[in-house]
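Can you read through this structure? Questions will come right after.
Read from first to last, the chains carry the letters A, B, C, D, E, F, G and H; within each, the first residue is number 1.
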């Protein structure tokens, strides 16, 4: 049975946390546990979500969890998966839940190693596009043009000058059994990807865009809207890679103007028309690359 | 049922009562978050069709769907307003804390 | 040495006020000062503290503030969850942003209470319910630890150009309204 | 003091003060990775760079190991560098710390002292830097934002001295210094330029006479390289003092070099302290002096190199010495204590000692605690039996 | 001794001996990364696993940081683990060392002692492990291949003791032990099973009562967790001795627990040594004893926890103590020396001390050097002035 | 002018090293310096090549070099490139020269970061398919089936059970300006790729297969032959990625039987027909993926 | 011209003569590798057409092409045999060291 | 204690011989022994050393071997570059794998020299010029530190099954041929 909003349990396994109002990452964590259930063990590297959930004695996860060192998530997951194997524990889900920085920068090597080893775990990167826990510094997943405290925009500096690293393709290059991109704003899509990941043996990586009102500079009530705009403007795509095949889950014929997305966030308020042009061009190239994968196995 | 704060939480009084190393019981809440709110969501049950959009998006998971009517755990609602903003029926109003009209 | 504690909520500018006061008292007031926040992993909206120390001599003390001459509460709703009276000195004053009068509050130990409706002033002057600079004006009026001019200079130095005038106005309005009623 | 000095003062946090110092030292390359409570330093520097107030290459590295490796890469090309970190970040670059000191690259780093997980805690103690005391880095600890700024400038002067050519780590207490705003004097550029000439080194690649750096040495030769490093560290003792003197001459502020004594001349009881607690201790000393107690403070600025010679003398003139460690080496004592104790003693020495483990992970060291420490020193001097290692402010024992 | 013991002996290198010990301890999960001179351990274990002589999960991790992280992952699920490293690898996992000890996971690791770059050198000294002495790990140093094997088995017993629950690092000298073949007795499985019951711990995830591990603690609580760790380390002192005794009862080999004294009972001059040099020193002691010199050896097995109490007593009965450090903490002295010195002294103590920095980066510590050391101890006792820190075998000073 | 064997300088910039007889890695280093020239600064992480070249006082590189820590090559290159920029040094080539383990395992994160930053350097991974310096342990680039000391083949164990990680595609996913695979056995191809890399701004990665007689178990005289067989059997491909375009440099219609390659190396001598089948199947899939990139931008 | 061993290499005799830290002159060779060889490549100039295949593949770079005839620096040739094996003209013979027939 | 140094080339099995001798002397000879290599970053073909110590008592000495009772040279070409005579004791013997007779060698200090053409024996018995076990046989014959049988047992324990017989033969042939000429 496909998971849907209707058949999800009401029970909360993630509660009482101290994340900001409207935190996208918190939505991801909450929904993930709804699908993955009580026999999930979460590994949380240093990040917003770990910082706002496990301050003695207030513990916001109702499942087993471990706050882990920042660079090591993939390796800790491997060790846990190996222990499950050694102990014959079969119905346990070993879940990594890391931010973008903890995934694409300092945690990339451990993740790459764990994926290569083929250990059985799910890894979710909730992508708020900067180091939020330490106060909005750029990460390898910060998008072009964004203001952060380490890519400031005073005196007409552009903000971040690089485009987001492509975790999805890096994982494809690892020939991972399953990986997907998703968004907090598309919960059905996300839930089904989680459910699928739960069934597949081996490493699974989900890269989920999770708007952050504090770091992005939008009202806390707009988290979902911003997420939707990212997809509708083509700046974020929803796709899957499974059995070597790429699927694009929403494949729009045309995109909304990127400005619709940018104008709602303070981090982009300095962008110029020229920047929009650069960004749209880059977006179009990325979509071309993505769509090219579709033809792959015909 | 939402997890509830352990209002009577007793911090260790002696060495022996300390947890063993930095590990302790999951899901222990000794603190509410209601103070974070300046605006408060109020559901208009007349409009609500229980589509669960608010329920799915609430970052704090404070909306319950198990009873016939959706219920909000105001101890942990931070008042972000996503529920109201996303509600297709406009069934949730964000009201200034303390000015709640019931 | 004068020690001041600020109670606010994450993201609401409480520490900015603490810092502005320190800046005004030292760079523009000829005294020495310290300003420091209390830190925690809580995010926007959670209760937080700020501290200002002012002295005529260099401040070597780097331990925390335990006893306060003044305690400032930027958000009345904090009174429910936080013990704001902790460590107030005998002659100390508790200043609360509130529409109520000081008599409507009831704290143990006969703590001296002052109230000021900063939210109202903020809405009037700034158009938003951001009360930190308004309360700063009130603090200056009540404590006299620093001249109003010094605070204005501090604002000029510290704030973005487009915010300066409004906030200097906010400080001034609060200051005058307190001085007026005093 | 020259007139140039009469500039407007600034109200800065320790982190900001460091950022200004770095700007004044004009590094060519900066590579850093964010971590609380160091972040403000790199954020402020990012602003300077974006505003073109600094002309340097800023590298957004993907980890601290890489921050130090990139700094090394720049240094070996003959560029002046800067980096900053804290806690987990310092540990994560541990391999590179040894590498850089063994290679004799004069890199300057600021470490915002913070304790180390687990348990997680972002607050200040000295566990991060003390645990790296064998890494071959010079370690300076500062007391306030002004000293953070001044020591950072001095650090380049020390590191780049050709007799030293070793990396320097300036340590400032997390939050208590990094995030506390104080009145700070920002020296002007000309004076800093006078104090700190532009970077020259022979320890770099050379296109006229190509070099092989960081080679392997067999057992037949490695000891001799280690000895070089040993001698450089010993030489640094003098250079640290000299840099402080020269600095004082230009800027009018002196810190005592490796050690600052406060009211120790005739003291019976001395507390040894590093970092911000030294300030609070001054107050306590003053108060106790008023009460007629012969107490004093030894502020240890340079932990590596360690002023052994100083303590050897101190051991002959005081009755009891207490050492405040904001950390403990599990299975033994506080690191600073072990080091101080070893130096105080000589055959026949009568000095008594206690180790105060205090201020762990952000726990405040209050004036009451400090007063108690002096009382305990007096008590052991009077023959009372007090456990050698004292956990100050612990809820229970 | 039971008849079971009468097994055939084996001619094994230290690394191989460790691999056999690991096999006997039956870990569930092994995660390691290769580095000379540790590699033979993991290669041998790989062979055991491939040949199905060991039933465990072997993880080929991509770095040492991950080796320790994966070990932690397995331990927190309640599995017994093993890992091994050396030198750069130990430094690269530095962050995890602190993490694991703070989290109280009883992980056992063997470190093949090797010096640390730069300069590069693959040979043995103690720079790698000594520089991690503050990491909260128990550190045991062994003298020969047999002790490497026995200490590895004991390590599990110590680590997993519920009063301890701390990680243990067994250190064996690179090449001199790791690659030297000696006659080794491999205990049989039943006896090991008797000595070492299967792993149980409460410090793990629990599906009936879910837990949050490695949480954050605010300044209000962190000190108390540190104190727990402090007490566990203190408790380990007894447990280390006890484990050795129990081991001796079953296997007939005793090592003295934290300390082994050799001909020290009436000694005037004692050398303190760790690791393989202890063996060579025995020969020198015997020879000097024949010449009528009252010399002895203190073999320090457990460096963390440090047998402070032992040295406090030793300081009262000998005239001079020399400490051999196979490393130096630049800017001060050898780490072991500073620690020993601090413990030897008490007000009024008369004992004299010298620090011998020797055997750096594979430089041999010859019997001649050792003889000289004893001569120097006698000389200082006789009042001769000798520099406190001596570089043994240096080409020049 | 294209580089060719004929116009290469006779001058050796890499000489007198202690690599084994017939070392493939040594061929790569030597040829690289022939093309890149005297103003090259090499960074050598711990590896065979660093170990056999820089033992005081015998220094086998005639250009500036630095032996670096094992995990940090990419970052050291970044620092050097930044210093060059700061100092206005324009004619200097900053070159990383790392083994497979130092690239795909412990050095991947630093490399990924450096590539993301877009710093100007060339990175050569000489791939001898195991950790050779420490005595033949498996790495993430050890091929399926290979014996190594940590994937032993006693009692019918298969040896390495995973396929090689795909550095080329991982770099493509980084949208690197230039990357290529190459082989010691195809020197003209290699030389031209080096020459091209020298001209391009930004990060360039070359992944060069370098047979190792000691670790692979073949006669030292067969290093080049083995390299050729790898390409002819399709187990190694020669390709380039430039301006977002993939080029396949040798694109054979059919492959030689893989056995031709395997039978010549001791590390594979335990392989069965079943293993050959698995390997061929995997090879064919990989080629399909590779060829699919060709159609990308039509 | 191939780099040559510094036969007179003088190790530091005093502290002052040591290199500064672990960095020293590039391209210093104090040692030859000829002892590694058991077989020795001999070029038959009658057959060699100077196609440079051996030159390009030699892992030790010991073959010179600057003179009319290729020359091998036997101080550094390790005798791997690649040159002989790859030579399309079979112009190089691997001869047992010491049994060289000239 | 008897101390033996082995000179060979990387990859040619010199250390295997050192180790086999140690194994034979201890596990199968009732004595104590140590065997250890010298390590260096050089690869196959480079000069390397191996050491064997044999004693009737436990060997605690972990310092290096400086004085040798026997020095064994597996590869004559090493004589050009390595000083093989270093530290040979007065009564010590230098055993060289060579077709030459001992008289054809000329070392200072009247070192006792023995030669044995191990390459020839190896080619005859093993079919390859791998001389380590052959030289081991010669060492056993010359030194008498261990019984031939013990060495054979060591080979049985240490070597892969397919190599055992050949190598035992090699040891035996060398042993007998020396004993014969002795």
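What we mean here is this: a residue touches a chain if its C-beta (ideal position, glycine included) is under 8 Å from a C-beta of that chain, and two chains touch if they have at least 3 such contacts.
Please read these numbers as outputs of a predicted model, since none were measured by experiment.
Colleague: Which chains are in contact with both chain A and chain E?
Modeller: B, D, F
Colleague: Please report the minimal path length, in steps, between chain D and chain F on the chain touch graph.
Modeller: 1
Colleague: Could you pull out the chain whose C-alpha mean position is farthest off from that of chain E?
Modeller: Between chain E and the rest, the longest centre separation is with C.
Colleague: Need the CA-centroid distance for the pair chain A / chain H, whole Å please.
Modeller: Result: the chain centres lie 63 Å from each other.
Colleague: Go ahead and note the Å separation of the Cα centroids belonging to chain B and chain G.
Modeller: 77
Colleague: How many angstrom between the C-alpha centroids of chain F and chain E?
Modeller: Centre separation, chain E to chain F: 39 Å.
Colleague: As a quick test, compute the distance in whole Å between the mean CA positions of chain B and chain C.
Modeller: Spacing between the chain centres: roughly 31 Å.
Colleague: Two-or-more-chain contact residues of chain A, please, as numbers and ranges.
Modeller: Those would be 18-21, 23, 51, 54-56, 59, 61-65, 67, 69, 71, 105-106, 108-109, 112-113, 116-117, 140.
Colleague: Where in chain H do residues touch two or more other chains at once?
Modeller: Touching at least two other chains: 41, 44-46.
Colleague: What are the residues of chain G that contact at least two other chains?
Modeller: 15, 21-22, 24-27, 36, 78
Colleague: What chain-chain pairs meet the touch criterion?
Modeller: Contacting pairs: A-B, A-C, A-D, A-E, A-F, B-C, B-D, B-E, C-D, D-E, D-F, D-G, E-F, E-G, E-H, F-G, F-H, G-H.
Colleague: So in the complex, which bits of chain G are touching chain E?
Modeller: Per the touch definition, chain G meets chain E at residues 14-15, 21-22.
Colleague: What part of chain B is in contact with chain C in the complex they form?
Modeller: Chain B residues touching chain C: 35-38, 78, 97-98.
Colleague: Tell me, which parts of chain F touch chain G in their complex?
Modeller: That would be residues 5-6, 8, 10-12, 14-24, 26-27, 30-31, 56-65, 184, 187, 213, 219-225 of chain F.
Colleague: Mind pulling up the chain D residues that touch chain B in the complex?
Modeller: 118-120, 396-397
Colleague: Using the touch definition from the top, list the residues of chain G that touch chain D in their complex.
Modeller: My answer: residues 12, 15, 18, 20-27.
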